[in-house]
Amino acid sequence: MAEPAKQSDQREPILQVRNLVKHFPLTQGILLKRQIGAVKAVDGVSFDLYQGETLGIVGESGCGKSTVARLLMTLETATSGEVFYKGQDITKLSGRALKAVRRNIQMVFQDPYTSLNPRMTVGDIIGEPFEIHPEVAPKGDRRKRVQELLDVVGLNPEYINRYPHQFSGGQRQRIGIARGLALNPEIIVCDEPVSALDVSVQAQVINLMEKLQDEFNLSYIFIAHDLSIVRHISDRVGVMYLGKMAEIGTDAQIYEHPTHPYTQALLSAVPVPDPEKREGRERIILTGDVPSPANPPSGCRFRTRCWKAQDKCAEEMPVLAIPEVFKGKDTPAAHDSACHFAEEKQVVGAA
Amino acid sequence: MTTIEKTAGTPDPATGGGKKSVPLLEVRDLHVEFKTRDGVAKAVNGVSYSVDSGETLAVLGESGSGKSVTAQAIMGILDSPPGRVAGGEIRFHGEDILKLPESERRKLRGPKMAMIFQDALSALNPVFSVGNQLGEMFRVHQGMSKKDAKAKAIELMDRVRIPAAKERVNDYPHQFSGGMRQRIMIAMAMALEPDLIIADEPTTALDVTVQAQVMDLLAELQRELNMGLILITHDLGVVADVADKIAVMYAGRIVETAPVHELYKRPAHPYTRGLLESIPRLDHKGQELYAIKGLPPNLLHIPTGCAFNPRCPKAQDVCRTDIPELLPVAEQDGTELDGRGSACHFWKETIHG
Amino acid sequence: GGNDSKSDGKGGAAFRLGITEPVSIDPVNAQESEGTLVARNLFTGLYDVNLDGTLKPKLAVSGTPNDKGDEWTFEIKKDTKFSNGEPVNAEAFIRGWTRAAAKSSASDVAYHMNGIDGFKDLNTGKSDKFSGLTAAGEYTLKVKLSAPDFEFNKKTAHSVFSPMPKVAGAGDNKTFNDAPIGNGPFKMDGSWQHNQKINLVRNDDYGLDKAKLSRVEISILNPSSSSNLEYKGFESGQFDWARMPTPQLPVAKAKYDGQGEWLKLDSSGVNYLLLFTTESQMKSADARKAVSYAIDRAEIAKGVYQGLQEPATSLLPPTFKDVYKPDVCSSCVKQDKAKAKEYADKAGLKPGDTLDFGYNTGAGHEEWVQAVAKQVEDVLGLKVKLNGLPFKEALAKQQEKGTNGIWRAAWSADYPTADNFLSPLLSTSGINPDASGKALGDNRGRYSNPKFDEMLVKARETKDPAERAKIYQDAEKLAIDEDQALIPLWKRTQYRLANTKKYDGVKMDFFEDPNLAEISPK
Amino acid sequence: MGKYVIRRIGQMVIVLFGATLILFACLFVLPGDPVGSLGGDKARDPAVVQELRERYGLDKPLAVQYGNYVTNLVKGDLGEDYTQRREVSEVLAPKLQNTAKLALAAIVIDVVLGMLAGLVAALFRYSFWDVLVTLLTTLAIGFPSFVIGSIFQSQFAVKLGWFPLISDGSFNSMIMPAVTLAIIDAALVARLMRGTMLEVLRADYVKTAVAKGLPRRTVLFKHVMRNSVIPVVTYIGISFGGLLGGALITEAIFNWDGIGFALVTAIQQQNNPIIVGVVTYGVAVFVLLNLLVDLLYAVLDPRIRLS
Amino acid sequence: MTELAKSKGPDAATAQPAAATGTAEPAPARITQWSEIRHRFVANRLAVVGLALVLLLFVVAAAAPLIATHDPYAQDLGNTLQSPSGGHWFGTDALGRDQFSRVIYGSRIAVIVGLASIFLACLIGMVLGALAGYFGKFVDTVIMRIADIFFAFPLLIGAIVIILVMGRGVTPVILSLAIFSWATVARLLRSSILSVREMDYVTAAKALGASTSRIIVRHIMPNSIAAVMSFIAFSVGTAIVAEASLSYLGVGVSPEVPEWGNMISSARDFMGVKDFLWAYPSVAIVLTVLGFVFVGDGLRDALDPKLR
């Protein structure tokens, strides 16, 4: 895949992802397992993240979003591809250098419960980043910082001595967020950070994230299924499908001028918090089976469920670039989209 | 659609009058407590709601307000100790299941009532393949053979749109993505086509297309089997799409009940109002989202009076002293609104103001 | 008691007993009492031994030395057979002895033939003939010795001097080793089932008095619990003969003595303290006497052994009727604290001096060793350093040059001659040092007195039994009393349980085994 | 995975060499001459000692001895024992068989007894049953096996006559020693089981299992058990290995002709070929058992990745 | 131990959290994990019983000369094998030594042998087990194969070699026992680490940049130690009993030393006739093990916040 063309603005990307691939081996048999294939969880994903920007990533569940996140954190070893942080390929780092990078890239995990050590109190969990990176907060300060963080994510500081299992799902998620914020990192990878929160707390958290972004010029990668919240917070949005990036652009480009059929289907399915609109809404119903990431379709991966699919789609893999039809045109539809037959289609926009 | 239940305090004329068949599930004045080192945490303080067959009740509310705990109490799977049901009734088909012996209650779980758990990864047993865990329902409750049960499992996985179900039926939970696990939980709950499903945030980890499919599927089942559904969720979009009626919880109590259309139009409780206003809106892009100020209450020290009073823009002295009851809500002209109730001293101002 | 029995199998009652796994049951290498028990019942040689140490002729019609004592002529009983029909004649004896002494057999017991001419050559592989042995007639065996020995005939009571049939082959013939064909009162019933069983049946073609038992069943027991199992087995009627763990003796005695099932024998052995006479601590005879006087044997015998062991006051055992003399060791007779201190002073032993006391562990010596140590400490004020080591390591330590102090030891007879005690334990040749100075022989105390050595040579050359006995007694007195080359402690007293309800004539023989050939069912 | 197994078996060979080399070194430095004396403490005839030394190559340096051992081992020859001078393989074969029989019986009792006791203790934590299990398990530890074995013997063999006093390898004679052996390990298994079960009982997926309406025993024996057995299986692997290595005291008490006591006797007699033979076998047993256990992990807990 | 007694006071104070920190924030005093654990431990009746037993053991060991009625080494050959009586509460042994005094003094060596050997074994076993479990691959292979050798290697030979180097005494016994039990600890720990290391919170800690040692000590160990804990508590007992086997094989402590295992071992042949000889030391071991097991269980439970 060609390097994505430099965006018009001259900012240096803080994170550059190039051709990231992650395959999980699929095995069969109980004792003597043999590999019978691979789940191609991430199969050649490239994108840039700029300083102070929020990149939203949406997509079908199981399309590899979390895997991308874990790859960015070097929590999984990539099958191939590179991740450059300020020009340095972090997939090859280890030891002290890696620790330094990790101080600057933090992650909020998707599963709020399993990512909290059941034997540590909330205070210890949130305080741990300070213990690991003592330079961030002097010892005397730490307790106060922990309480501030609890407060910030809307948790009662009185809960500081409680254990994770004593919290509700949403509360646990907030603990995870507090931990992610603790170090004031440059980049935070948020894997569905607010999915279990009620909208009010969600609003608090999103507000906080935005405030922090303004203050410290943070960059976020924001993975979520809630398209309206993604739209609210993101500067740019990437749409993934089956291990690949289907479409990427600014929030307006994606939400208002989607050119990839999958994006269009996705947007049309967004439920509207208004019971009056319950009926009569046009929804693109995707037919056909969801393909297995172990055995993705040839050519365009979406073609098995696409209403526009033609022979070409099975033969040729569409590249992620500005589609031919829109090339050179000054229209919001002229953004990267991996479809042979990209076209605009009016869908009921989210929110 | 039926009327919404009355609060525990007020006698229910419906049951007294023998108006019609009893609701599928009726929770009355449920109290649940947890013993903690620092004292007793009152997670649920007199929750009452009911669901009928074929009906969808959405339970909304602050996270930590006791939605899951109520659901667990209904299923009879509270962590006890430290948790215990401190009072109230749970009537299923009119019978108080809290009084049933454990062996009887067990027989209800699965074929009669099922639950979709909030946290799919920890709720699935890590050491058994998903096929095994799904098939178990059929093997145990219907005495199916291993082979048939597996076939059924594949069928269920197909039904919740897990790609390549046949190949992945022998995979283990950790090998699935968050959304897929959630769908497996859903499949498990649906397996025996129970009378009642309690879905605790079933779609939070799903993308909207799958979410739509799953909700459609639940709706279809519901129609087909005349099943009752309690849907616990934060996604007001989903609620709007599928719910018949809504109960809003705050600090272990129901603060407002309403049919789905009404609530969005005219909330009768400041908390509900705050919630609705917090929904991100296109025209707010770039601005701060509205959020209810303040912190959720500490369950060990629930504020006196209305639990919401420290955060409420409308709070008065009475709110700090008297606990507001869940009372029927009426139009300005006094006509009672069917199925609506609010536990706010100033509901009138809220709904009409 | 063992009155009922399940294994009244074919052809009358089987006599049942337990032993531990022997090294060998083939006379070629049968060595400990368990192995020789079987070997002596499968084979009959020239002599057996009576309980008083006198010889009981078996196949020997006569045995006569020449005047010098360096050649013996044995007339053998005619017309007896091996159980496979081969004749037992002088050749059979020569065959058997040659087989045992041959290099390839590497027999541990062949050294008893040491005094026979030509043994060295045969034993080291220089020759395959035993030059000292000749068949002067079909039933006449001539034995030429390299040095005079008027007690050679007594040695031949050892099972290694058994005759052998032709089928025996060489000493390492494994098939024969496990199922020997002999000329004894019994023969093998099947092969030796290692660690399980050895079954014997009566040899109906036996050339001497036939056995009355039709069958003997020998269970092989684990050495560490054999006495316990034998005792329990006797109690539950599974054995007709049993040893007992020492601590259980008083109870067993109370239970079985009255019923006549309790056998006691002061047998041919002694427990003693080995003294490293060349090393500092025990170099002077006075020091050795001081230690000996300090020990209260009677108290230990009573306290630790519950009165079931008796103090020894000589090295030679009471079973050696002709030479035994009690109280040879004057320091052994009675504890004498004053004398002990007196001798200690003489020897320059001061309170606080260290005395090393070694013993081998796990063999039941822990208790009395502690008692002795305590007494020596109390009387002489010495600091006794106990040093327990596993058996092999203990042995290595004893052999080493420079090992100091005292060591627990015991000896028992192979055949009833005083020489069998005095020579290996006390003669200079018994030291047998190697290049590094290790004492490889049995005289690990390295006692060496030319006068004593001379007396032993003289005794062997003395034809007259009474005169010879006198010399041995003098030699014993010199070494044990005057020089105190070792310190006798206890006699070897043995106890057995025997099922006298079912069997008549059960006795413990010289080798501490049941006299199987003479037992008869009631 | 197949490769994994092959690699582990390859490692076994290395471990075998390592273990026997260490053993050789130990035996070499031990004082005392393996062929220097008779079974008693009587000295051996120097000529015989010389002969045996030559025969068994004891006069050679350590490296040569080890080299000879390895070459013979490859040929399947374990040598000749120093006392009875029989083939080591022939001496050990019936003993191994006996020990294996006993070990198998013991481990079965051990697992059933231990797991059940642990289960009960965990389920009814701090109840009468839990304390009872704790007491019984401590008794099993505090009373040495010779006490337990002797009590069994005098009660069941001598007094009641239910079992033979002297084992003959039959099933009936196996019961007392097997139970004696099993008791201690069962106690440990019970404790381990209790410990991990308590952890698992509170897991969310147990809630799910309950919510599925599974009968209590399915919840316990399937969902809870499977998640709690990993440490237990580990210990059972070790303890089975230990049992297969022979139990000297129990074997001695019940006259069970196994390798445990054979080894001790061999060590006391410095009967090196037997020692080396037993240890060679023991290492192989442990490596294989632990391999099996490691493979079992992957079956029991699919999250565990074997590398 | 002392820490436990000392902080009774502040512990009570945390009952009213608001009062503790009188500042603006109504946050409670940050309860350290230790005080939390202590609280749960003390609340557990059996754990307290266990602790009392263990304390008793220590007290008896420390005050042995005051408690003992006789010199434990003094022989009285005129008075051997006496059944328990007023003069000799636990009777006398084969050398007429007072069993009661020997049992009392035995607690000293029991404490030393039991605790020291297990401590050593745990130290080695935990470090190696943790490394093997966490790193897997080559490290695991090497450590576990070494463990395999130690499993199969005869204790007796090891013990003999150690004794030959060091002479007989308590230290070689401790060493022998430790060297031959670390492998079990290592394998047990490794086995539970294998599942714990795959947990998300470990990944989360990695993502924070936590060092390996931190991940092992703070995250993996506490969550995998439960299984090992029950084993360890028990092993204190098995170590004392194992000493009996060593004595029985003649490589334990010297026979005159009053040590429980030693005493039991020398009572072996008195089974059925002088049962008091092994019964009292055995009971002493049982009580000790019971104490440690209760403490171990209590600790285990106290360390598990989910249990209540």
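Going in written order, the chains are labelled A, B, C, D and E, and every chain counts its residues from 1.
Following the convention adopted for this analysis, a residue touches a chain if its C-beta (ideal position, glycine included) is under 8 Å from a C-beta of that chain, and two chains touch if they have at least 3 such contacts.
Note that this is a predicted model, so its numbers are computed, not measured.
Shared contact partners of subunit C and subunit E, listed by label, are D. When the interfaces D-E and C-D are ranked by C-beta pairs in contact, the top one is D-E.
Taking each chain's centre as the mean of its C-alpha atoms, subunit A lies 50 Å from subunit E. With centres defined as mean CA coordinates, subunit B is found 28 Å away from subunit A. Each chain gets a centre from the mean of its Cα atoms; for subunit A and subunit C, those two points are 90 Å apart.
Chain centres here are Cα means. That of subunit A falls 53 Å from that of subunit D. The set of subunit C residues touching two or more other chains comprises 228, 360, 362, 390, 393.
Multi-chain contact residues of subunit B (touching two or more other chains): 37-38, 119, 121-122, 174-175.
Among the residues of subunit A, those touching two or more other chains are numbered 111, 113-114, 158, 161, 165.
Here subunit E touches subunit B in the complex through residues 17, 28, 36, 39, 198, 200, 308, going by the rule given at the top. Taken in their complex, subunit C has these residues touching subunit E: 228, 245-248, 250-251, 296, 299-300, 302-304, 306, 360-364, 366-367, 369-371, 373-374, 386-390, 393. Residues 35, 37-38, 81-82, 121, 174 of subunit B are the ones that touch subunit E when the two sit in their complex.
Contacts from subunit D toward subunit E in the complex involve residues 11, 14-15, 18-19, 22-23, 26-27, 29-31, 126, 131, 134-135, 137-139, 141-144, 146-147, 150, 154, 184, 187-188, 191-192, 194-196, 198-199, 202, 230-231, 233-235, 237-238, 241-242, 245, 248-249, 263-264, 267, 275, 278-279, 282-283, 285-287, 290, 293, 297, 301, 303-305, 307. Residue ranges of subunit E in contact with subunit C, taken from their complex: 75-81, 94-96, 160, 163-164, 168, 248-251, 254-256, 266, 269-274.
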